[in-house]
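Going by the order they are written in, the chains are A, B, C, D, E and F; count residues from 1 in each one.
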Amino acid sequence: MVELGVVYRNIRRADSDIAARLGAFGAATVHEAMGRMGLMKPYMRPVYAGAQASGTAVTVLLHPGDNWMLHVVAEQIRPGDIVVAAVTADCTDGYFGDLLATSFKARGAQGLVIDAGVRDVRVLTAMKFPVWSKAISAKGTVKTTLGSVNIPIVCAGALVTPGDVIVADDDGVVVVPATLAQKTLEAAAAREANEGEKRAKLAAGVLGLDMYNMREPLQRAGLKYID
Amino acid sequence: MVELGVVYRNIRRADSDIAARLGAFGAATVHEAMGRMGLMKPYMRPVYAGAQASGTAVTVLLHPGDNWMLHVVAEQIRPGDIVVAAVTADCTDGYFGDLLATSFKARGAQGLVIDAGVRDVRVLTAMKFPVWSKAISAKGTVKTTLGSVNIPIVCAGALVTPGDVIVADDDGVVVVPATLAQKTLEAAAAREANEGEKRAKLAAGVLGLDMYNMREPLQRAGLKYID
Amino acid sequence: MVELGVVYRNIRRADSDIAARLGAFGAATVHEAMGRMGLMKPYMRPVYAGAQASGTAVTVLLHPGDNWMLHVVAEQIRPGDIVVAAVTADCTDGYFGDLLATSFKARGAQGLVIDAGVRDVRVLTAMKFPVWSKAISAKGTVKTTLGSVNIPIVCAGALVTPGDVIVADDDGVVVVPATLAQKTLEAAAAREANEGEKRAKLAAGVLGLDMYNMREPLQRAGLKYID
Amino acid sequence: MVELGVVYRNIRRADSDIAARLGAFGAATVHEAMGRMGLMKPYMRPVYAGAQASGTAVTVLLHPGDNWMLHVVAEQIRPGDIVVAAVTADCTDGYFGDLLATSFKARGAQGLVIDAGVRDVRVLTAMKFPVWSKAISAKGTVKTTLGSVNIPIVCAGALVTPGDVIVADDDGVVVVPATLAQKTLEAAAAREANEGEKRAKLAAGVLGLDMYNMREPLQRAGLKYID
Amino acid sequence: MVELGVVYRNIRRADSDIAARLGAFGAATVHEAMGRMGLMKPYMRPVYAGAQASGTAVTVLLHPGDNWMLHVVAEQIRPGDIVVAAVTADCTDGYFGDLLATSFKARGAQGLVIDAGVRDVRVLTAMKFPVWSKAISAKGTVKTTLGSVNIPIVCAGALVTPGDVIVADDDGVVVVPATLAQKTLEAAAAREANEGEKRAKLAAGVLGLDMYNMREPLQRAGLKYID
Amino acid sequence: MVELGVVYRNIRRADSDIAARLGAFGAATVHEAMGRMGLMKPYMRPVYAGAQASGTAVTVLLHPGDNWMLHVVAEQIRPGDIVVAAVTADCTDGYFGDLLATSFKARGAQGLVIDAGVRDVRVLTAMKFPVWSKAISAKGTVKTTLGSVNIPIVCAGALVTPGDVIVADDDGVVVVPATLAQKTLEAAAAREANEGEKRAKLAAGVLGLDMYNMREPLQRAGLKYID
């Protein structure tokens, strides 16, 4: 299943327009729309508050302490892509900094999701290049060992196939398989359809208990009120 | 001790004015004034920097991955309350987001303290609805199992009895038992009484060694200076 | 090797000008220039985003839950120093708050690095007194046990000898031995010399693969491209 | 709620016979019988495989790095008790070793549950004195600060009131409130009543799907089999 | 990619003889033979020392706190299989105990690998039913939500496709894709071919430096000996 | 301070007889005798229960995922040594297995202490070659990068200078600087002198409260007994 030393140049990307529209819904809504599947572990955090991105995944498998393949993957980025990077063992090294961010941005990348560390956080923040990582570390890496580009990878507990849609924001990172992107978009839109109305009601003091008709099922489940 | 499926509607709340005045001292001062008891574990963090809240606790016991009781507790909120939520097992799911925050706020809640995850962090920040949690996660929850409202709970290592005062800020979350609230307030006020003077002295270069008369006890303890 | 209850008053500090110039390069560059040694564990984080400091280390060894020696070390601070504090066992208590920060600042300290917790984060942020710690906690400490000042300590996995240069920012905390400070400064300067040019090329879309001549070594290592 | 410096000499212990009989069911069965409440966090582990104990709780609240109160609690132990120890902040120090174990055993203690570290593990194992702890550490402690004995404490996330029944084995530590002990015993007995029969059926190859009549509810829930 | 509520009854299992022979080499050797891929995270530990198993994977995706699907997967077990279980979010609950172990064993299962908790550890040990888990917990689970059986899952960071070979022992758990099983077996055999001879040399005092001809490459890399 | 690519062949070892006698006291007693300094973090655990070792330290600094220098250090082992290994970044890979253990044992090593992972745990246990590590992992390592041998290192939070005495058992790993070895031995012997008598008294039911004359200081500290 895992091949080392290969770069797949042609991948089937999900529709970029769908990716953008999924991004507008945010990670929480998209995750619900997916049936609560496809979320990376919650240790994946944006390097600055308010980071938001969506796009199609180009994937890269790295070795601990070695970021050589990030240069290889840079060439495979097309506008609208998000790079998703996994490592073959736990590592918090700073694989990615301002120079690579400059390069990725120039290639049209929407951001980076990496199950490892990054650095130059101040500059990444100033550049507004969104990155989700599990650590921040000044520790640099070497460039000696081959990994692979655009193979299926496991990143922070989630399977990512090249071309999948990635939706990431303050709430986390969600992977939407390319084949489910359209359907997920529709489900997300349906979920959001009457959110504004609900919010207005709740703001006016209406209780979820009433708005969602929960009183009867709660009573049936045996809830007792004691004065 | 733990009852499931019950909602206590009448709890004895600490005085709301005392709760507000305790909040003005902040978590660190109140914790000192309590004799260094009642602090939740330091993994409880505000979802945005600068969050501050104090109020009387309404408590809720939840099950992993199930936020049904957050709707039940909403009805029990009175202006000036803080909702404190515990879960029967470790869970990082996102139990709480912008809709529930809208509802809680409309009911007069001062904030939420939850030993689990929350989501919609961007909106919570924009709303200035303060939340302390142990995780941020896009993962939503179901509504199928009964917990309880306004029973004593253990939240992040601290026992919380309904009606206790909660003081929370960037430094953490402190629980002040209702019976100790007045006494703690006095102790906090006494601690703060000459803080301004101390700060001015220290800013002028006076050493704590001299201001607190530490040189003699340090010498007695055997401290040696070597040139 | 470890002495308790001693304060060394005379330490050989690295050149303060070199410390300042190393600070301008930032932790990531300095760490590279050191040959990737001397980095504290990545759990050491600034208490506010954008914190930056460099200076010469005055060290202090503390006991769990006891900050007495922070008052002792305050007297040993000279303008341009950074206080580096270790604890004899893991502890997240809040050893340091606004009063000590006022005192340290008045003495000319550039910041604090502590392998434990701190508090009064809101005030530290407002004061712009930079602190790197492993935790934030409202829990205060006692003043009963002697530690030592200006002995070699292990802080967050790194050996710190009094007088070493400390460089800290969002990316972490690096320790530069005094004897290597000049050489590290030169190496850092050399690394940065053509960064601007590189950044411009990458921003223009040139790939690292080409700029760093990686294609040939990648091919030699066996990288295969598959269409 | 939390008093420091007090020792309650008279506590209402649960019936010792019930405690012993609950112990025979083991932690997993008792926890089920309690309605899945009262379990300490799973980081609490026995210091040797196969450790088993049950008894009535005498509680002690300790300070980080200080085991003075373990000597105080020793005097309060009656045959059939289990000592349950909490600390006011996270600490992994080795509070308890072979001498205290000798003393506790002589007093009739059934074991120790401590949310901190212990040492002399080899001797504890040889003595067959069962201990559940969150860490093992050679680091000793001082004897300088007062805590309390026989007050309600929070230990590893569970509230323990003096006199409660503690059931501990390889699977973890369960707290049964004294008032629920009899009822829990009956529920545990009922659960176990036909375990032997079930085990025999399953060993003979009968599926839980059939033995528990799960096929119909699974189908109703929508389970699909695909060949 | 992830389907909920489905059970695939027909999967293509790797050859059972190859699975058994891979097991004889152990996890470390097989992992090397795979090119150091396919290892689960090292937090996966056997519940008793010396546990060893190999077999073909039947997979199951569970929900937090819900073990219903373990009964469903039991029916799909064939002699020589190992059950591999993942959960849709982090959970340490005790999903599996002595009754399910009795059932799995009766169906011919070689063991269980579960990215969650188990219980009845004493009985599992006595039964010699090998289990690898990330936790041990007395906390039981409910039976209310559908997951899936024999779909690809991510377990402890590794992708497992139904029918893959699993090799597990004290050193960890390795996943060998069915398509690579034969080739991996050959590579493992080749690695082991002259292990006995090497071990004898090393036992006789021959250095790896000489046996592996490392002196010359070490010198070339710049290693300096200082007397 | 840290040199890469060097091997110091001549180090000043502590007296081997003292090292052996310190070992007989065990880690807890030696740590007390040192004034509670020099203990490695408690995450360092023996790979099998009952492991015990003491000896003089030969040190090695490794890179993540690279065990080349373990072959280099093997040549520097003299009978009575313990190898102490640190890594320049957090890593759980299995650096050490049965072949290296065979080699180390043949050279006279008393054991290995490594702030990383090891493998072949079953064989290490059968060989009775004691190892303390922070992880167990089947993941092997490469042999490509130079570290150093016999330089001062930081291992699991403790500074280790070549030639120091290491005492390790179930309770953890203690480092005794060579210069303090004799003095520590005397202090340890003094501590143990009347342990037997104390144990006998405690076993007879005498309380520590009386044996150590604690009642008066406890009363002075304000302890209150409540009936």
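To be clear about the criterion, a residue touches a chain if its C-beta (ideal position, glycine included) is under 8 Å from a C-beta of that chain, and two chains touch if they have at least 3 such contacts.
As the structure is a computational prediction, the values presented were derived from the model and not from experiment.
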**Prompt:** Going by the contact rule set out at the top, which chains touch both chain C and chain E?
**Reply:** A, B, D, F
**Fill in**
Distance between the CA centroids of chain A and chain C (whole Å) is 31
**Prompt:** Where the centres are mean C-alpha positions, what is the separation of chain B from chain E, in Å?
**Reply:** 43
**Message:** I'd like to verify one number: the distance from the centre of chain B to the centre of chain D, where each centre is the average of its C-alpha atoms, in whole angstrom.
**Reply:** 28
**Message:** Which positions in chain D are in touch with at least two other chains?
**Reply:** 36, 90, 92, 139, 145
**Item:** Chain contact graph, described as a line, ring, star, complete graph or other shape
**Value:** other
**Fill in**
Here the pairs of chains that touch are A-B, A-C, A-E, A-F, B-C, B-D, B-E, C-D, C-F, D-E, D-F, E-F
**chain B-touching residues of chain A, taken from the complex the two chains share** = 26-28, 30-32, 36, 39, 42, 45, 49-50, 169-172, 174, 195, 198-199, 202-205, 207-209, 212, 214, 218, 221-227
**Prompt:** Hey, which residues of chain E end up touching chain D in the complex?
**Reply:** 5-10, 48, 68, 71-72, 74-75, 92, 94, 97-100, 102-103, 105-107, 117, 119-122, 125, 135-140, 143, 145-146
**Prompt:** Inside the complex, what are the residues of chain E that reach chain B?
**Reply:** 63-65, 89-93, 139, 142, 144-145
**Request:** Spell out the part of chain F that touches chain C in their complex, as residue ranges.
**Result:** 1-2, 4, 35-39, 41, 88, 90, 152, 154, 157-159, 161, 177, 179-180
